[in-house]
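Got some structures for you, see below.
Each of the next two complexes has chain A plus one other chain: chain B in the first, chain C in the second.
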Partner chain A sequence: MTSMTPGTAEFLLAFADDEHLMGQQHTEWIGIAPFLEEDMAFASIAQDELSHAALLYAIVADNGQGGPPDDRAIDTLAFDRSAADYRSAQIVEVACTGWAHALVRHWLYDTAEELRWSLVDGSSLEPLRDAAAHAAREERFHVRHADGLIDVLAHTPDSADRLADAVNALLPLATGLFEPVAGEAEAIEAGVTSAPFDTMLPEWTDRVRARFPEIDIGAIAAPAYAGRAQRHGDFAALMARMNEVRGIDPTAVW
Partner chain B sequence: MSTITVDTTLLRDAALGAVATVDDPEIPGVSIVDLGLLETVTATVDGRVAIGLIPTFSGCPALAMIAADVEAAVAALPEVEEVTVEWLRSPVWTIERVTEDARRTMATDLTLAVRVDSNPTPCPRCGSPTEEKSEFGSSRCRAVHRCGSCLEVIEVMRDR
Partner chain C sequence: MHTYEIFLKKDGQEEYRHAGSIDAPDDELALLLARENYLRRAEGDLLWMVDRTHLLVGDRDFVAPNSDKPHRDNDGLLVAAHRKSQREAQ
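Coming up: the complex of A and B.
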């Protein structure tokens, strides 16, 4: 198997960082979700996102060779880079402000993520193609879960208001997911991914409009990209939280 | 280097038997082989055994424990010189891989059902249709249902 190009590694790191931070954000609800079923749902969804991140970091770590995952190398990529070296979109960095915020972010992110994995399900990079097969199956659960909750909550006035506030707050950040990442053109050239992610923005926009028909979402047609190059103000606190236990002994075997 | 030559068919069968003694840590009493996690077993004449497993869901937290249990079980065979255990990237596990034996044991001993199609999953206690109460249960591969007849809350293993 040929090794992958540096551009492909850049491309995969941005994807991995989004998955990693989204998974970490979801774990915040473990033990404090509004009801028990949600506690378990967010734990399971977080587990999936962290696993997708690990699959992607593993590909970067062994240069696309498809060998057994090296947990230490995965952790090094996930935790030991400087803030400036992350490529994450700001929607996965921003601190959660409440349950509606968490739910809307979950829906916006997973709807985009499902489209994102679909671009690599025929990848020339075999481990990425295999990861996409796992992720595609798991993502269906996520979108279905978020849809089910929003279906219920959208019909009570207080909940509908909270959802609308969250959509308005998160939409500008959510479009940042589609911001072209370094290496994407190279990854397309190599057949690693089939098209620029932002070609999926119209499809995602249609789904957002169908999901939140009463909300004015005109702004998403022209996203202002700039988020991946710089960290959101909330990133540092998230990193500190993520490393709180690991920092006690980074060489510990789990 | 070992000079002993082993019968690879016998060794492979012995290794398979050893793997079959390993239970899923989250489903005690049910072998990982019966859950469909075993994908490949290879054995060489110099006693090297390689086991390939597949996870139910990619982020299952029991993977390291299962691999360690499998390695220990196979390594305990006298004719084994070396064992490697690997989690394979493909194929993707499906619920159809769970054997009838495992389904019976789970239903009887653990009130754990298996959902294989879109029909209502029958209650493992009374056989009546159950209704899904939560898509996510106590582990990633399980949903929570309730029986409409006996009202038992049951966990349902499922893949999609």
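Coming up: the complex of A and C.
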């Protein structure tokens, strides 16, 4: 059994934080997505992302031993760290109040996430391999879902403009998904992941260009990392919403 | 938007059953939305979907005039009653 170094823990936390906050942001569309069926579908996808986060937090919580998940320990990692200790990318922290932005973020994120899981599907950490297999089964539907909506909307004049605006606004933040944390090198050394995530940036860029051929996206080849150690201005409000109910009684058993 | 009718089947001998309907812009999204709306708790192992405009519909007038033909209810009661009366007459 591989024992987990602090660097590996940081690497996994960055992944978990992205999944956690992305799932949370998607859930906030329940009841206000453009049509009823999409309400449910987007919230189902959100639940999938939250379950990925829980799998990753559980690995950190029990040091990769693969024991039964400890919900309290998972919650502590998910909710009780100080803002400075989060390692999430700013694309999952920023508030997307328009549907076009939420949909484009969904596509950008899931396209990157699919590549991200593929780097750990042969991990030296058995529970991470299992999580990767679990996530891969779901991710292909997530990307298809985003693609399906964009296929329709990209051919509608007003919608196409809104999508283009969203792509231009969100791309600089989305490239931050590929920003490594310091611990990634240790995770590679330990065989936890097979390569730096940013080696996938060219593949992701190709997919972005193929998805949005009408949009001039030359700038994404040289990402300006905003900083996984630095929170976006929307983070505090997001955290407050997430903890609104839990804060009433943090020790409650659900 | 198109409206689709959704049918689910569990593995085994149970038949496909109507589960509900869904609105979606095209076939591909209809399948994905059905998956997230009707199968999130593994309600079925197999899925049929059909665009409602592709259904062949027999309307009420077409179907109704057969409700007054009791001679087609082959439950044997009339035959039994007839045979009983014949036996009693002997």
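Basically, the second predicted complex is superposed on the first by the 253 of 254 C-alpha atoms of A that agree within 3 Å, B and C clash if a C-alpha of one lies under 4 Å from a C-alpha of the other, contacts with A are read in each partner's own complex, and residues count from 1 in each chain.
The definition used in the following text is that contacts are C-beta pairs under 8 Å (C-beta built on N, C-alpha and C of every residue); 3 or more make two chains touch, one makes a residue touch a chain.
Being a predicted model, the structure only gives us computed values, none of them experimental.
Legend: residue contacts after superposition of the two complexes on their common chain; A:210 is shown touching neither chain B nor chain C.
Contacts of A:41 after superposition: both chain B and chain C are touched.
The partner that reaches more residues of chain A, of the two candidates chain B and chain C, is B.
In the superposition on chain A, A:66 makes contact with chain B only, not with chain C. By the touch criterion stated above, A:141 is placed in contact with chain B and with chain C alike.
By the touch criterion stated above, A:84 is placed in contact with neither chain B nor chain C. Of the two partner chains, chain B is the only one touched by A:51; chain C is not.
In the superposition on chain A, A:149 contacts chain C only, with no contact to chain B. Of the two partner chains, chain B is the only one that A:133 touches; chain C does not reach it. When the two complexes are superposed on chain A, the residues of chain A that touch both chain B and chain C are 37, 40-41, 44-45, 141, 144-145, 148. For chain A in complex with chain B, the residues that touch the partner chain are 37, 40-41, 43-45, 47-48, 50-52, 54-55, 66, 68-69, 126-127, 130-131, 133-135, 137-138, 140-141, 144-145, 148, 254. By the touch criterion stated above, chain B contacts chain A in their complex at residues 57-59, 61, 64, 86-87, 89-90, 92, 133-140, 144, 159-160. Residues 1, 22-26, 28-29, 32-33, 35-37, 40 of chain C are the ones that touch chain A when the two sit in their complex.
Taken in their complex, chain A has these residues touching chain C: 35-38, 40-41, 44-45, 141, 144-145, 148-149, 151-152.
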